[in-house]
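Pasting in a structure now, in structure tokens, and then I'll have a few things to ask.
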Amino acid sequence: MFGFEEIKKSFLTSLWFMFLTFPIMVIRVNTVQNIVEWRWERMFMIGIGSFFLSFLWRYLLERKELGQKKADLGEVDSIPWNRRIAREPRFYIPALIAICVFVLVFPFTFSLYQTTIMITALIYVITGLGLNIVVGLAGLLDLGYVAFYAVGAYSYALLNYHFGLGFWTVLPIGAGMGLIFGILLGFPVLRLKGDYLAIVTLGFGEIIRLVLENWNDFSFGPSGIANIPRPGLFGIQMSLHQATIYLYFVMIFLVLVTIFVVRRLQDSRIGRAWIALREDEVACQAMGIDKTWTKLSAFAMGATWAGMAGVVFAAKTTFINPASFTLWESIIILCVVVLGGMGSVIGVIFGALTLILLPEYLRAFSEYRLLIFGAVLVVMMVFRPGGIVSPERRIYQFKGTAPDKPKAEASTPG
Amino acid sequence: MEPILQVNALTMDFGGLRALDRLDLEIGQREIVALIGPNGAGKTTFFNCLTGIYPPTEGEMLIRRPDRKTKKLNGLKPNHVTEAGLARTFQNIRLFQNMTVLENVMIGRHCRTSAGIIGAIAKNKATRQEENKIVEDSYAVLEKIGLAEFVNEFAKNLPYGAQRRLEIARAMATEPFLLLLDEPAAGMNPLETRELDELIVRIRDQEGITILLIEHDMKLVMSLSDRIYVVDYGKKIAQGTPQEIKNNPAVIKAYLGEDADA
Amino acid sequence: MEYFFELLLSGLTRGSIYALIALGYTMVYGIIQLINFAHGEVYMIGAFTALIVASILTMLGWNEIAILFIASVVAVVYSMAYGYTLEKVAYKPLRHAPRLSALISAIGMSLFLQNYVLLAQTSDFMPFPSLIPDLEILEPIAHLITTPEIAIILTTAIVMVLLTFMIKFTRVGKAMRATSQDREMAMLVGVDVNRVISITFIVGSATAALGGVLIASHVGQINFYIGFIAGIKAFVAAVLGGIGSMPGAVLGSLVLGCAEAFFTGFVSSDYEDVFAFIILVVILIFRPAGILGRSDISKV
Amino acid sequence: MLELKNIKTFYGNIQALKDVSIEISEGEIITLIGANGAGKSTTLMSICGIVPPRSGEILFMGKPIQDMAPNNIVSLGICQVPEGRRIFPFLTVAENLDMGAFLRKDKDEIKRDIEYIYELFPILAERRNQAGGTLSGGEQQMLAISRALMAKPRLLLMDEPSLGLAPLIVKQIFEIIKKINTENKTTIFLVEQNANMALKVAHRGYVMETGRVSMSDTAANLLANDEVRKAYLGI
């Protein structure tokens, strides 16, 4: 692969990128003082960097192509790694124990700062799992998901401000508000398909944010709402540190609840209908599934989790304003779902932890973290468009699903 | 014999194109009826009108269900048509490719079951029982159709002929009294076609399901059907028993080819 | 009445800018059905390139018109190069992947390019020299419309005419239309589809860069984030007009621009963007394919 | 002229072609018959490079073409009239014909060829400024064939040209196929469901079943073959 042709290709690529990045990377003008700064050393860095990267890029592309070819000709046994682990008790039991221990000791061994980040990541796990219902299972691209998150957060902030309601009271209310908004917004837009649906949900998301920003009497506008209380525990006074640890465990609990419910939904009659809808709308209707209701239920179920997560978010930051609910937030949650692996619970958890923790721990290169983040998204999609984890699906085994029915077991084939 | 499906003067226009032209059709209970005609004659359009995918421009479609209630199909949504007891397969296979064979059939049980969101989350006894029942019933359908060996395969990994049969299994799971098959033998080899022939007869005899099929394989059509309708340009040009159709000069001209008997 | 005209003209100006960006969105969508999220960034890079070139030339004391011309040309050339590279790196390998993957790749590219400019240049707003001189002949109507505004509207009109000509009558234009209608069939008559896609990105990027130069010199300042906001608006305009349709993109942009201008002028500037999105939502609910979009009968 | 050697082609996860080998000599009309979904169209798409085979070789005039891009394959003189006509629906009839001549540079020749086409199909001349999508099925088929002829192919691949057409028009189409073959010396590879018609115009034929070639012989022999008659001639 290091033949003359390849070297020529890489050489041309590096020349091209040197040309491409020339004005932005090399020249910097200061229009006030009329100084032009020339940074030639960067050009060489780009040249050398792109020369070698282009080798790697082509090598990986070739490997991907080859893998596809082999899979077609049936030359590889393609059980994804996550399923292989999940099948082997001697792998997954210790792994599960290790994760549990880690989760339990985490807030006590790591700093307050780390715990706060972890809470943020866990919020994304919940929103990611919620959006996964809409995008991953039902196949509806929703770019305005953050609207429901905002609805939850503002529900808590306003109900607390006006009526002094506490976290635990508002948590279900927030979820309910998400649900209601999901139905309200879902109803008119679900006739639309694909990208049109995406752009209209984007529109709705922006409308809600802009209303929050401008309707001062209602939402206090851009200045937002401060002094939102953290979750209480039987009225016990807690220090900031204690409160954070408490919130951490509340989040762990909520994540577990979410996983539990989402998995149940996924494996139910409704969940199957969602997946079937994603696979083929026409056939789905021909099987007697009500398209509108099924779509709406997915939309509303997704929104519910966003509403709940919004309440937690408000409680965690104790201050909210519309700037927390921009389109970027929707996009990041979408990335969590797609990067992790659509339709996969473990994938979404993976995606949330990677996407939220990675930039935080990249603070060492703090300036570069969003740059790297963007590049990672592109590279991931180019080389693994299905996400990190391929979706794990419940395999309905005739044996497994009916343990209390010996008759059924007997008639099961091998 | 009282018809269980009666179609009167069904007309369907796409823009300026008339795909169906005042088509009349009747099917009696436990009949196997074939709809034949050249490609593009409007056969699939007819199915799409019946099953609520296209709203017909004119005409009337009536069914008489086993409970003797009469129902008009015009204006029903596809899912309500299925609930009313019509199920169909598609010309170009439309399985849920990334679901397993069993799950595909389980989707067919959807309209005959009722567990909702609350039930899904709580997984109470009724829901569990229903789920078990769905699995059991679906498996039973698969056994009947002869697909039990593939139960946990992904639909997309099935051989072509098996995919066609899975479409039938999935339709059967919705408990239809009238089954609409759109080119069920397309792409099957002679052996698979023979098996299909037996399967269709078995579905009629054992389950008492009436069958309307579109098919190009004349051998299959002739051996299988009680009656045949021939359409061309959206119009019915002939109807009758296989023997009558074989000897009908208009049919030979339009479809079988002028010198098919050469 | 005069106020009405003032608003109308300002709306048309705004709409023209949207149109220059929306054309790129709609062309790319028409051919590969991808929302090119990074399109706005190409526009932003065009504006930055123009700024750099213009600043250097100003320091060298060049003549205003020459600066405008050279800066625009360099900006257009660079944007085309970026558009081309963008497609090769982030979209071409994903041609057979699920559409969501391509969308995420586009989002990643958008983020990457924003931060690339942020890091290589600055996060602050940079003043952009006003490159379009005020013409004296236009003095009498200056209270209604300024020279830069006229320049923007005219440029859009010219670009639109040129593009229409290209699409309608040239070989490459026909290949583009054929590709967008039936990609496989286009291959079967010998169209190099990869090349046509590249050309589409290049042309779309060029018009976006023109938009970038014009708006930057009109508004007078730029930063790394302008692409994202303008991109969203232009995309809304493209969808409004019926994505995939070029006249639709222009019409959608003008409708959006004027609607915003009138709403700001007569109602309130607070809810300007809300209003824009409400128009989008309402139109799409009643006309799901956009104003000029073709709705297709799905084959079963 | 064209030789397929053991090609295997996949559509998604389904193997559509399993070791298909076919040979076509210059000047012949070869037909490929078989049931729906047997892999006939995939064979054509593999030759044209739209769905390149995963393994095996395709030789055109002795040169391997299985790894070439579709547009380069067209430039060698291999042209396809695909199933379902695939007219560009929003291009006019004239523009559709222009697209057929996309790779040709000889402007005067093209003009002459267009005139020839309009003589051959007067109805197309009448509708030259109408969008392709508004034509009737038969007119579209004529346009599709004309579009392919505009490329001056050496090898013309035709996928179900009789699909959905009235008997009279089918007859006309087959006459044109014969004419193209004898007058222009164009080699024709014809995929058909209407086996009866196809075998009558063809020199040789291949029978395809679920991705494999199950039989090959002269057209006359296939027409007389009992199995073929039973399975594909509706007798």
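For this structure, a couple of remarks:
Lettered A, B, C and D in written order, each chain numbered from 1.
To be clear about the criterion, a residue touches a chain if its C-beta (ideal position, glycine included) is under 8 Å from a C-beta of that chain, and two chains touch if they have at least 3 such contacts.
Since this is a predicted model, take the numbers as computed values, not measurements.
Contact with subunit A and subunit D alike is made by B, C. With every chain reduced to the mean of its CA atoms, the largest distance from subunit B is reached by C. Subunit B has its Cα centroid 41 Å from the Cα centroid of subunit A. Mean C-alpha position of subunit B lies 50 Å from that of subunit C.
With centres set at the average Cα position, the gap from subunit B to subunit D is 32 Å. Inter-chain spacing, taken between the CA centroids of subunit A and subunit C, is 29 Å. Of all residues in subunit B, those that touch two or more other chains are 53, 90, 97. Among the residues of subunit C, those in touch with two or more other chains are 300. Shared interface positions of subunit A, i.e. residues touching 2 or more other chains, are given as 282. Residues 12-14, 35-38, 134, 137, 160, 163-167, 193-194, 196-197, 209-210, 230-231, 233-235 of subunit D are the ones touching subunit B in the complex. Listed in rising order, the residues of subunit A touching subunit B in the complex are 261, 264-265, 268-273, 275-276, 279-280, 282-291, 297, 301, 393, 395-398, 401-402, 405, 408, 411, 413.
Remark: subunit C residues 29, 33, 35, 45, 48-49, 51-53, 55-56, 59, 74, 78, 81-82, 85, 89-90, 93-94, 97-105, 107-117, 119-122, 126-127, 129, 232, 235-236, 239, 243, 270-271, 273-274, 277-278, 280-281, 284-285, 288-290, 298, 300 touch subunit A in the complex.
For subunit A in complex with subunit C, the touching residues are 16-17, 19-21, 23-25, 27-29, 31-32, 34, 36, 42, 61, 135, 141, 188-189, 191-196, 198-200, 202-204, 206-207, 210-211, 214, 282, 327, 331, 334-335, 338-339, 342, 367-368, 370-371, 373-378, 380-383, 385-386. The touching residues of subunit D, when paired with subunit C in their complex, are 48-50, 69-71, 74-75, 79-80, 82, 86, 88-91, 95, 98-100, 102-103, 147, 151.
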